[in-house]
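In what comes next, subunit A is part of two complexes: it sits with subunit B in the first one and with subunit C in the second one.
== the complex of A and B ==
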């Protein structure tokens, strides 16, 4: 017992001694002692040597009060030789800092340029700031982001990377989705006014390189960027700190959306030089000059440039007309409700130039065989193997049809497939390819698709009885009955908002139809809707509601009246396909 | 075991007593360390005040005859034929900032007067203005250390 007590007391003593020693001896003391020693050796002045001999290591700090919130920088506790010109070649932490004219350490401190946690006196916490510190030491190539906090002149020449990032922010169409107060007013993505203040540079960079890295449900398209471009965008975004020391603090709290203008001046987007040079050009040439600069090709393909996110613009000339393009420019969701494309904050004159340029372009030559035509025109969305997983497939809503699903493909008439290819499918990204191909090649392409891709068997649809028009007249009572049925039977997949995002929808491919897609519903006949609901859709998750849920034709009529009411279609149900909604 | 036992027996100290002594010393030492380390908290290594040591520039910036009061750091830099000195600007009476004038220093609060070296000439001030240590930093600048007082008349020769 006594032995144990004696041993324990010695252990306690040793432990206390160790903790005491560890807490009171720090690396910075060694660094300072080393510096005093080396500086004394290198000095030829007796007074300096005497002063150095007297000095004991102590925490050195600069308190910076001139720039916003007071900063306490203790970096010189280890980096004690920053202003000693003789240590240019020494190893860190005892290396001389290059002199920057007009920036004295006593006035500016360190973290105002370098970031990091100024109060810490051990390397790890000072440099990384520890977990969740938003401003770890900035990489040397990104330091410009902090220079421009004070040097706010727009053409300040010493921050080329931030300037390049700013150009990319517009060229790569970031401005159409994201708001940076005073620069852009997009409302699709998160506001970036303070992103440099809230996020680490590494996070920003990761988000640019792969938007889904930390957020798997992000709809931000992955941009095809060179490493230098990623760096420039990171520097630019890191410089967006809102807590800009040159700005009055209160103005940064005014929501950017409150000041949102209808469109941005062209000079802000493409730079003043280009904006003035395109002024006198005729519309077609102006469109040609502006198209690569305002961000279209950061998603779309045109000739050799490909953003790998959105449809091909090479065939727009014959697929679309000017009216369609103008509506689409002003609000893409009016024609394709699930479109990823943000409304562009540009004046109508620019839209007009862009439309005229796109419509004036000659059509590229078409290859001879259907297989080559499929590869050129269809594979971008539907994929090489027809599985609906093409290059841009994931960005489209609704997703491109999986052409390998025999159950779906074989139960649709050849005429219907040809019609879909010829006229496109309104409300989706399927374009009217018939205008590019002509009737014979369209039919040949459908035959090629039907002969190549569909796999698996389908039940022959037999003895279907579908009314050509709604047996129930459109009336509020009918809509209310339809709503009750919808909330009983349909919302699990189609969602309570009928937007196709029900709780069961996540696992279902193809995704349940968005029943608020007005252009699509306008284009579909009553009979087709009725048939899909009553008998289900083979090759999809849509059940045969007429049998599984025992809905009568009357009830299905109520349901369709409800769906029409969501889209403002009302009765009588449209019988012919219409391409365009009314212009805005 | 046997050699150890005989060793203890030779020095006529019992095993029981040795263990008691060791326990006592160990615990005493540990509590001493605890008390000492807690007392250290009363004197922090660094506070958020103005740094006590700061550089004021190269000696050439202060030509002969300079009497330059530095407002923020509360010292007056003096240069005469003896060398450089830093004299406190804080009145030893109640801590007002003294003004420099042709006599030396004058406190605006209660009328204390000091000569150019900081010696009290009149008024309520109990002590002369302190002088601070000056040294030459390795980068060739003058460094003032307000945490170290020196005797009146000790100049830094440059």
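== the complex of A and C ==
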């Protein structure tokens, strides 16, 4: 025991010695000694040399009080030669800082421009700030983001990258989803007013390059950007710090409290020059000039440009009419409830120009064979192999139909499939392609699809009895009965809000139908709803409620009355397909 | 009275006399000296003069109690030094952490030592409790000391928890937000309890100052007092528990007259009650000086017990120093109430609770923990058999030990799940 105790005591003592040595000798002391030595060598004045020889290393600090919360910058403890012009060519940390007119170290310190953790006197803590510090040293190419904190004039010429990022913020449609107080009012994505204050530049950059990198459920479309464009957007977003150090807190507060305008001035989005030059143009040309500038093509495809997120606009001219386009511009969810597209904060004149331009475009030439037509028109959503996983498939809700599921495809009549292709499916991204193809080519394309993709067999539906009209009259009692059945049997997949997001929905492909999709429900006949509920939908997870849950035709009628009540469809139940909700 | 030898001689002997007045006894060479060393020293006299050899077996106690107390001393010393730099204000607290971790000499080391010793103390106190349980040491007459031990365990949790907020970084802020939210699930008093603890509806300046005062003054004072009682009771309860077989077989009374009732009072008791170890007065100064080869299998505390204790202390210091030099205590971005991390996790020792809360707020956060604590407090009053005391995993205590192993395992598994297997939105993730 005594030997062990003695050994242990000696080890602890030795460790103490090491700790004292390690804690009391820091790297910055070496840097300062080196500076004193080299400065003395370069000096020809004996008195200066003597003074330098007498200097002892000490912590140097600047307390910056002019910009918000006091900052303590101790960077000069290592970078002691920043204001000594003789060290221009020296290695860091002893290099001279280039002189910037009017910016004195005593007033500004270092971190106000460079970020980093000013209180630390060892390189690692000072530069990275340690674990999770939001403001590590800014890369030189991003420092502009801090310049514009004080230099807020919009045309300040020394921050070209921030200005380019600002243009991209509008050109790439970021403004339609994200709010930056005083600049944009999107409500789909997170607010970015303070993003530069809260997030590291590396995080912002990663999010722009790949929105799903740190959040696998993000619905933000991945944009096709050049490295320089990513850098510009990063610099612009890093400059969004809300608590502007040069601005009184009151002005920030007032700008944040500003009323959300119905639309943004065009000049703010495309720049004053373009806004003025499009003013006198006729609508079609104005639309042509604006369409690439307001962000449409960061998701949609037109001609050679493709945002790879949203449907092709090349065929819009014949598929849609002006009324549809205007409703869709103002609120895409009115016609496609699951649409990812945010409402655009633009004035109606601009929508009108854009609509007229799109409607005036000539239809591209169609290829001859159905296979080529499928590749051009259908594969963007349904995928090359018909699996419903095309380029933009993941961004659509409901997802494109998986054409390989024999159980679904083979139990539907050819007429119904042709009708879906001809007229489109209201409330979804399926467009009326019949207007592009004409009846013969539509039928040929359906035959091609049916002959190529579906796999596996299906039970033939036989002897189905489906009433053509609801056996139960629409009445509050019936709706209440229907709701009780819904909350008993249906909500697990369709969700308690009937929006198709029930607890089981995550694992089901295709996703359960959103029963609040009014345009879709308006377009579907009563008989088809009744049949789908009573006999189930083959190739999907929809069970045959008429047998599995022993629901009678009357109960199914109640259920459908409840679904109609959610969509304001009430009595009398609509029997004919209607494409549009009433115009606003 | 000796004659004053004169000023010069006094000056000459000054160092020697100061030394002697400090250390009354020279290094002992006789058993009487060894007794007096313990007896006459303020810091040593809470120990018995003699210690049973069974208590000194390293594999019986593993020194866990002494290690826990050593960690408490390290925490007090490093904590007092940290107080010189720390300011409990939401504006300054995090800046002071940056100063400590980047600029102040020894700052980062002290902070690391304090942080790791705090985690270590929670762990060691838990292990100490497990040791006491598995050796059946909570049985009569030691029931109340077990209860004090459980209270000390809870105080250790609370002291560590209150210290968790002080760095005022994201980790601290959200751990306390989660931890106090668990407390609010208590029916009726939960919200009030949370409000009293935080002084506000959210964690803010009021919470910081309250946690600071609790952490640096209130809790250490209570812990110090209860630790004193805990130690004192060990002696009052006859030293550490030991099996009957550890004692020498009963010898014939050396003084038949005591048995026959011819001796009375203290004298009779000191003859008959051989195992009693608190009769120091009687032993050293009393009429019957038992110093010598008494047949009770004990050894003198000086040097056996003290050397062992010093060894545990030095070992603890060494481990904490090395850990503090190798691993930095975490410090995240300054607390930001508008930006919760996902997931927000409580300190590790409360992650079992948080995991249970994710199944049921009331049962996980209040019901089951209350049952746990009540169960622990009542153990010595519910399990009153006297077999298997002083023996690790005695087969007489198979049921009790199995239940306790299960209790520990359940908590351990929950903590491991909460620590490593829970990701954003508290969904299951794999750590590899």
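By definition in this document, the second predicted complex is superposed on the first by the 573 of 584 C-alpha atoms of A that agree within 3 Å, B and C clash if a C-alpha of one lies under 4 Å from a C-alpha of the other, contacts with A are read in each partner's own complex, and residues count from 1 in each chain.
Note that a contact is a pair of C-beta atoms (placed from the backbone, for glycine too) under 8 Å apart; a residue touches a chain by one contact, two chains touch by 3 or more.
Because the structure is predicted, anything quoted here is derived from the model rather than measured.
*Asks:* Subunit B versus subunit C on the shared subunit A, clash or fit?
*Replies:* When both complexes are placed onto subunit A, subunit B and subunit C end up side by side without any clash.
*Asks:* Which partner, subunit B or subunit C, touches the larger number of subunit A residues?
*Replies:* The partner that reaches more residues of subunit A in the superposed model: B.
*Asks:* Using the superposition on chain A described above, determine whether A:72 touches subunit B (first), subunit C (second), both, or neither.
*Replies:* It touches subunit B and subunit C both.
*Asks:* Put subunit A at the vertex: what angle do the Cα centres of subunit B and subunit C make there, to the nearest 10 degrees?
*Replies:* If I round to tens, I get 50 degrees.
*Asks:* Check whether A:23 is in contact with subunit B, with subunit C, with both or with neither, and answer first, second, both or neither.
*Replies:* Both partners.
*Asks:* Who does A:54 touch here: subunit B (first), subunit C (second), both, or neither?
*Replies:* So A:54 only meets subunit B here.
*Asks:* Does subunit B (first) or subunit C (second) touch A:117, or do both, or does neither?
*Replies:* The answer is second: A:117 touches subunit C but not subunit B.
*Asks:* By the touch definition at the top of the document, which applies to A:365: first (subunit B), second (subunit C), both, or neither?
*Replies:* neither
*Asks:* For A:2 in the superposed arrangement: first (subunit B), second (subunit C), both or neither?
*Replies:* both
*Asks:* Which partner does A:12 contact after superposing on A: first (subunit B), second (subunit C), both, neither?
*Replies:* In the superposed model, A:12 contacts both subunit B and subunit C.
*Asks:* Looking at A:126 after the superposition, I want to know if it touches subunit B, subunit C, both of them or none. Which is it: first, second, both, neither?
*Replies:* second
*Asks:* Looking at the superposed set of three chains, what is the minimum CA distance between subunit B and subunit C in Å?
*Replies:* The answer for the closest subunit B-subunit C C-alpha pair is 7 Å.
*Asks:* State which residues of subunit A lie in both footprints, the one left by subunit B and the one left by subunit C.
*Replies:* Shared contact residues on subunit A: 2, 5, 8-9, 11-12, 15-16, 23-24, 59, 72, 74.
*Asks:* Which residues of subunit A touch subunit C in the complex?
*Replies:* Its residues touching subunit C are 1-2, 4-5, 8-9, 11-12, 15-16, 19, 23-24, 26, 59, 69, 72, 74, 117, 119-122, 125-126, 130-134, 198.
*Asks:* Enumerate the contact residues on subunit C facing subunit A in the complex.
*Replies:* For this pair, the touching residues of subunit C are 91, 95, 98-99, 101-103, 105-106, 109, 170, 303-304, 307-308, 310-311, 314-315, 317-318, 321-322, 325, 328, 330-333, 336, 339.
*Asks:* Taking the touch rule as given, give the residues of subunit A at its contact with subunit B in the complex, in rising order.
*Replies:* Residues 2-3, 5-6, 8-13, 15-17, 20, 23-24, 39, 42-43, 45, 47-48, 50-52, 54, 58-63, 72, 74, 83-86, 106 of subunit A touch subunit B in their complex.
*Asks:* Any idea which subunit B residues touch subunit A in the complex?
*Replies:* 16, 19-20, 22-27, 29-30, 33-34, 36-37, 40, 45-46, 48, 50-51, 53-55, 135-139, 143, 156-158
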